[in-house]
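Both complexes below contain chain A, partnered by chain B and then by chain C.
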Partner chain A sequence: MSATSIEAGSNSVVRNSLVKLTKGAGLIVGIYLILYALYVYQQPRALSASAIAALINNTAPLALAAMGQTLVVVSRGFDLSVAGVISLCNVVLAVYPIGGPGGALVSMLICVAIGASVGAVNGWLVAVLRMQSIAATLATMIICQGIALVILKAPGGAVSNWIADELTDRLWKTIPVSGLVVAAVVGIWLLLRRTDFGLSLYAIGADEQAAKLSGVNTTRVRFTTFVLAGAVYGLAGLMLSAQTATGNPTSGTPLLLLSFAAVALGGTSLAGGGGGLFASVMGAATLMLLQKVLFSSGVSSFYTGMFQGMTLILAVVFSGLLTRLGERK
Partner chain B sequence: MAQDVGQDTNLAQSGDTRTSARVSRETISAATVAILCVVLLLGARFVSPALGSWSQVETVLVLGFFLVILSFGQGLVILSGGLDLSLPATITLGGILATSWVGAENPAAWYYLPVVLGVCGLVGMVSGIGVVWLRVPPFIMTMAMSIIVASALLGYTKGTPRGAAPDAAVAMMKSHILGLPVPVVVLIGLVLLGWVFQSRTIFGRYIYAVGTNIEAARIAGVPVAAMQILPYVLSAICAGFVGIALVGYSNGATLRMGDGYLLPSIASVVIGGSSILGGSGTFLGTVGGAILLTTLGTIISALGLEFGLRTVIEGSIVLIALLLLREELFQKLRSVWR
Partner chain C sequence: MTGAVSGTAHAVYEQPSVALLARGLRKAYGATVALENADISLRSGVVHALLGENGAGKSTLVRILTGAVRSDSGTITLHGQPYAPATLIEARAQGVATAFQELSLVPNLTVAQNLLLPAMPRGPLGLVSSRRVIDAGAEILVRHGLERIDPSAQVGMLPLAERQRIEIVRAIENAGQMLILDEPTAALAETDWLFERIRLTTAKGVAVLYISHRLAEVREICTEATVLRNGRSIASVGLAQASDDDIFEMMVGRRVDQQARDRAAPTASADAARVSVSSLSGHGLNDISFDLRPGEILGLAALEGQGQRGLFRMLAGLEHPDKGQIAVDGTTAQLSSPRGALKAGSGIAYLPEERKTEGILAGLSAATNIILPVMPSASTAALISQQAEQSAARPAGQKVEMSPRYLGFAIGDLSGGNQQKALVARTLATGAKTLLLYDPTRGVDVGTKQSIYAAIRAFAAGGGSVLFYSSELPEVVQLADRCMVLYGGRLFRTFEGKAIAEQTLVAAMLGHGSNEGALDR
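After this line comes the complex of A and B, so read on.
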C-alpha cells in the first residue's frame, strides 16, 4: 500500500493531497452529521446553543492534539510526546496559576513554549540524529510525564479562574471561544500549507529521497514540523486545563491514542504524504461525539476504550481501502 | 539477498560471511553490555555500600526476569518488522486473569494458567491478523488492542481487581533450588530456549527473512503471513507469562501493573544491537540490554528518589542509551575490532 502511494504522491504531490483532503474531510463530515442526528434523536436538548458549546469545548483539546499529530504524520512520522506535553502544560497551569487576561496570555505563551521546546528535542532526535520517531518520542513522552509527576504528585491544584471561565465561555452568547482557538489554528495552517514549508512537508512525507533531490532541506522541514506540532500540543494542554480547571499529572495519556484515531478517522494516511488538519479536527469531533452517544445509550464508561479502539482499527482499515480504491482508477 | 534467504537448508547455516558477522556482533554487544554491567555494579558501591554485592546481583537477575522475557517477545516482533505497544495491557491481562479468575476460583489450580496464556496469545493473534490481513500499521494496531484490552479489563474487574495470586505463580517466584532463586533458574532456561528458537530453528530464520525483506522472503517460499503473526502471538504469551510472574512476585494485580514495561522492552532490544526496523539483531544482545537496564533501575531506585524524578532519569538514560548504542556503533566497533 505504502509503496504505491509514494509513487502516486511524488507524481503530483499537491493535487493528490488536495484530492485526499477533500475526499477525507467530506467523508468524515458526513459520518459526523449522521452521528449528530442520532445524538439529537436521543437527546433533543443537544441542539441548544449551550449544549453545542459544551460539545465544542469537549472537542477542542483533542482537536488541537490531533492537528499537531497530523503535521507529524503528514511528514511520515509519529509523535507520542503529545501525551507528555499536554500533561506537563496541565500541571504547570494548575500549580502556577497566573490570574487575569494578561496572566492567561502569559500562560498560553508558557504552554506554547513548553510544547515547542519538547518539539525541538523531538526534532533534534529525529531530524538531526536520525532516530526512529516512535522510539524518540516515546522516550520524550515518558520524560515529560516524569517531569509532570515531579511538579504535581497527585491530581490537584487549580487553574486560574480567568482561563477556566473565559476560554470555555461563548462570545456574544453564541460563538464558543474554544471553537475560535481551533479555527484560528486551522486558519494558520491553511496559510502555511501554501508556503514552501507546507509543500515541502507533503513532499517529504510522500518521498523523502525525491524531496531531498529536488532541493528541499529535509532536516530543517522535519525539525520545524516537530516544533510546530509541539506548540499546537501546548495549546491543547491549555484548552484541556481550561476544561478541567484542575491539574492531573496523567491528564494527557488518554489523548495519545485518540489523537491517532482522530488523524486516521480524518482520512490522513499513516504512511505520510497526504491528508489535512481540518479532516483531523472532524475526526476528533466524531470521536468525542461517539463518547456522548455511547454514554446517552447507557453503555458503561468502562467500555468506552473498546469502542474507541475498534473505531480506530475500522477507520484505518477503511481509509486504507479508500486509498487503494482511489489509486486503482 | 533473495537467493541468500532462498533455500531453507541454507537458512540454517546462512552463508559464511553473515554468520561470522553475526558472531562478531554478538560478541561485541555481549561484551560491551557485560562490561557496562560490571562497571555499574562496582560503581554502585559509591552510591551505597549495600550495593554491588552478590545479593544485589541476585536481585538484578530476579527483577531482570520480567524484562528479559518481555524483550524476547518484543524482540521477535521488532525483528519481523513490527512493534508491539500492547505489552502493558497484555501483562495486565495475564495478571488480572491469574488473580481475579484463577486466584479467586481455585488458587491451587495451576492447570488454569496455560489457559490464561492462551487468552493472551489470542490477543496477540488478533494484533497479528490486523497487521497482516487488515494492513493496519503495527503501531496503530497494537495500540488499539492495548486500549481495547485495558477497557475490557476495567469492565471485567469493575475497577478493582480481586483475588489472590495462584499458588504456582508464588512458588515460581518465591522459592529456591540449590541455593539459587527459582526465577533465576527459570530465566536461564528460558534464555537458552529463546536463543535456540531465534537463532537455531527454522522459525527464527523465517522471521529474520521476513524482517529483512518481506518480498524476497515471499518469493523464497517463506510462509510470510504466518511468520508475521507468530511473533505477535509469542510476544503476547510472553507478556501474559510476565503478568502471572509479577502477580506471584508481588502477591496481587493492579490495573496499571504493566505500564512501566513498554519503553524498557523496546529499549532492551535496541540497546542489544537490534535494528528497530527489523531484520537484524540477536536475542543474547537483547538479554544483555535488559540486564543492563535492570541494573540501572535498581541503582536509581536505591538513590531513594521520588517516582516522578526516577521516571525522568530512567527515560533520559534509555534515550541516551538508544542514541549511543545504536547499530552504527556496533558497526564501527566491529570495523575497529578486526
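After this line comes the complex of A and C, so read on.
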C-alpha cells in the first residue's frame, strides 16, 4: 500500500515538472540552447560579444512584435495591425529624423504614441463595437500601411544617426542596448502579470462570459490590452528602424506572420487564456537563430521559410506530446 | 392576521422588511416578449422561490435583477432606493450577487483567484501576492466548510459539483443585500451543505431568491414563492398554504397528472443481453458487472463521484477501461471513441452531462444539432439543404415533443429545456439501440421532463435499451425498471420493480443496508 503511494508521489512530481516545462518557457529555451550549441559548433566566433549583440539586434524587432501579439493572443484575439504600426513608425523615423539623445527619446515617445493610438482604435472596435479582432485589426493594418505609403512613397530616407548607432550598440562593450529594451518590456510584463489586469487578461482569454459574470470589466481589459500591444509594436518599429537605418513603407509586413509563429513557437495557445511573453521572445529568438544556423550551414536563404515552418510544427507537436505525457494517470 | 387593513404600518415592523420590490417588469427581445409583466417582492432574511416552466421568463427576470440586461419598463427598488443596475459590477456594488446555473467560473484560474475576482489582495509593492490570494481563498473556503478544496487548484480540473459549490460560495460572499441562486442544486446530489449555507446567509438579513425545478427542495428551504407563467407573475404564495398540485397548476395552467407508473414486470428479462459489462474497472469504478437487456430501462443511482461518470464515459468510448470487458450484442467491443460506440453492434448513443460544453453546438440550428450524427443519410450527393435538415430532424423532434418551429432556430437561443430536448432527439436520431443518458433532465422544467420521460419509455417499448443516471431520485423511481446503486465505485445493490423506492435507494446510496442484492443478475 505504502509502496504504491510513494510511487504515485514520485509520479506526480514527474508530472508536475512536465506540466511546468510545458506551461512555462522551458521547452522553447531548451530548443534555443540546442540550436545555439549547433551554431557555436559551426561558428566558434558566435560566442564573441559582438556576434551575440548582432544576433540580439536582429531578434529585437521580432521579439517586441511577438510580445505585443502575445498580449492580444492571451486575451483571445489576433492583432494584424502589428505590420501597419511597425511600417508607420519606420517611415516616420526615416522621414522626420530628430538628432541627438533627446531626439531619440522624442522619437521613441512618438513611436509608442503611434502604436498606442492604433491600439486604442483596435480596442474601441473590438471591445466597444464588438468587431471580431481579425477583421478590425486587418482594417487598421491596411489603413496604417496606406498612411505609411503616403508619408514615404518608396524605400529611402535616413533614420537619425544617434538611433541607428546607439540603439544597436553595446553598453560597456558587452550588454547590447536592444537586449535591454526587450528585457525592460519583459520586466514590465512580469509586474503587469501580477496585477488585477494581468489576471483578468488570462480570465477573459479563457472564458469571457464567465469573467464578465465574475465581475471583471471585460471591455476595459480588452481595450487596455490592445493599447498596450500597440505601444509595444511602436517599440518594435523603433528597434527595426535602428537596425535598418532607413525607411521602407512595407518594412513591417515580414514581421506579421513571423510574430504569430513566434507566439505559437513559445507555446502560447492561439485559442487564448494561456502562455506568456517571455516564451514568445524565445520563440522569436529561435526563429532568427535558425536563419543564422541555416546560413552558416550553407543552406540557401530560399529554404529558410521552409525550415522555420517545420520547426514550428515540430515544436507545437512536441509540446502537445509533453502535455499529454504530463496529464497521463 | 396582522390587521392588513388598519395596521399596515404596524405590520411592517412585525414582519421582515421588504428588501427588493419589482413592479411591472417587461423585457422583449425583438418580437419575442420574454417577460411581459412580472412583479416580485423579496423580504430580508427570507428565502423566496421563483417557480415556472422553461420559457416562463425566470431567466430573464434573473438577468434583469443581476444587471445582465435592463428591463424595457417597470421599476425595482432595493431597500427603498431605486435599483437599476446596468452591469453585473453595479449590481454587486449594491450587494446583489448571483450563483449562475451555467456557472461563471474562469477555468484556467485557481479556486482562490475565482473567489476573489475581480480584485486580488496585494503585497507590499502593490502587486498581487499569490500567497495572500491563496490565504484569502482558503479562509473563504474554510468559512463555508469546504476545507477539502485546494485553493490553489485550477477550477477547470475540479468536478462539476465542487465548481457549483465554489460558485455558490462566491455569490454568498458578495451578497450583502440579496442572493440569487439559479438552480443551485443542478450538480449537487445532497442539499445539506447548501441549505446550511442559506440559513446562515438569511440569518444575516440577506434576502434570497431561490430558483429550482425541484419542488421538494423548494418546500424544504423556501417560505414563499412567486410563480411565473408566460412572462407574467401568476401569484405569490406562502408555500405552507399551497399544495404541490396547486403549484403545478399555477405553473402549467392546468392540473398535471402525476402518473404513478404501473410497473409491469420487466418483460424482456429472458432475452439475451444487449450490452454486457463484466469486471469493468478504472476511472473510479471497481469490478462492475451487469447486463442491459433489450426493452429495459436501467437506472443508476449514486451520490456524486461514485464512479458513475467513469462508467458512462467508458461505455460511450470516451475513456478506456483499465480492466474488464464490454460486450455489445454478444461480441466483445473495443469502444475507442463515441463514433466507435455508435457503430458497435446495434449502436450505443451517449447524452453527455454538460449540455453547454459537451452537448450543443450553440451557433447551429436545432435541426443541425439533431441530425449531426446521421448527416450522410440526410444528404443527397453529399449536399444538404436546410429543408432536408429540418425534415430529417422532425421525426426525432416529435418523439420528444419538440415544437417543429424551434428546429430552424440557433440552438443557443433556445431555452435550456428545448436544448435538452434537442439533445435527447439527437441520441434518438442516431438509430442506436442503446442509449446512455447522463442526467437527462438536469435543470429542465416539469413539462419538459414529462416529454423526455415519454420519449425514453417509448424508445424502450420499441425494444431499445436505456441506461440512465439521475441525480434526482423521483426520476429514478418513476422511470427505471431496474436500478443499480453505485457506492465507492462498486455496484452496491440492485433493485427491481416495486422494490425501487426513494427511502431504500437513499439508504443504499449512503452505503447502508446489506448488499446481499448486489449480485442478483
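In the analysis below, the second predicted complex is superposed on the first by the 285 of 329 C-alpha atoms of A that agree within 3 Å, B and C clash if a C-alpha of one lies under 4 Å from a C-alpha of the other, contacts with A are read in each partner's own complex, and residues count from 1 in each chain.
Operating definition for what follows: a contact is a pair of C-beta atoms (placed from the backbone, for glycine too) under 8 Å apart; a residue touches a chain by one contact, two chains touch by 3 or more.
It should be emphasised that the depicted structure is a prediction, and the values quoted were computed from it without experimental measurement.
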item	value
Fit or clash - chain C, chain B, common chain A	clash
First (chain B), second (chain C), both or neither touched by A:Val216	second
Chain B versus chain C as contact partner of A:Val293, first or second or both or neither	neither
Partner chain in contact with A:Ala264 - chain B first, chain C second, else both or neither	first
Chain A residues touched - chain C or chain B, whichever exceeds	B
Touched partner set for A:Ala63, first chain B, second chain C, both or neither	neither
Contacts of A:Val126 with chain B and chain C, given as first, second, both or neither	neither
First, second, both or neither for A:Arg194, with chain B first and chain C second	second
Stretch in clash, chain C with chain B, out of 115-123, 385-393, 457-465 or 493-501	385-393
Touch list for chain A against partner chain B, complex	1, 78, 125, 129, 131-132, 134-136, 138-140, 142-143, 145-151, 153, 249, 256-257, 260-261, 264, 270-271, 300, 302-306, 308-310, 312-313, 316-317, 320
Chain B to chain A touching residues, read off their complex	83, 130, 134-137, 139-141, 143-148, 150-152, 154-155, 158-159, 262-263, 266-267, 270, 276-277, 306-316, 318-319, 322-323
Complex interface listing, chain A residues touching chain C	191, 194-196, 198-200, 202-203, 205-207, 209-217, 273-274
For the chain C and chain A complex, residues of the former touching the latter	68, 88-89, 92, 98, 100, 103-109, 113-114, 117-120, 127-128, 130, 170, 174
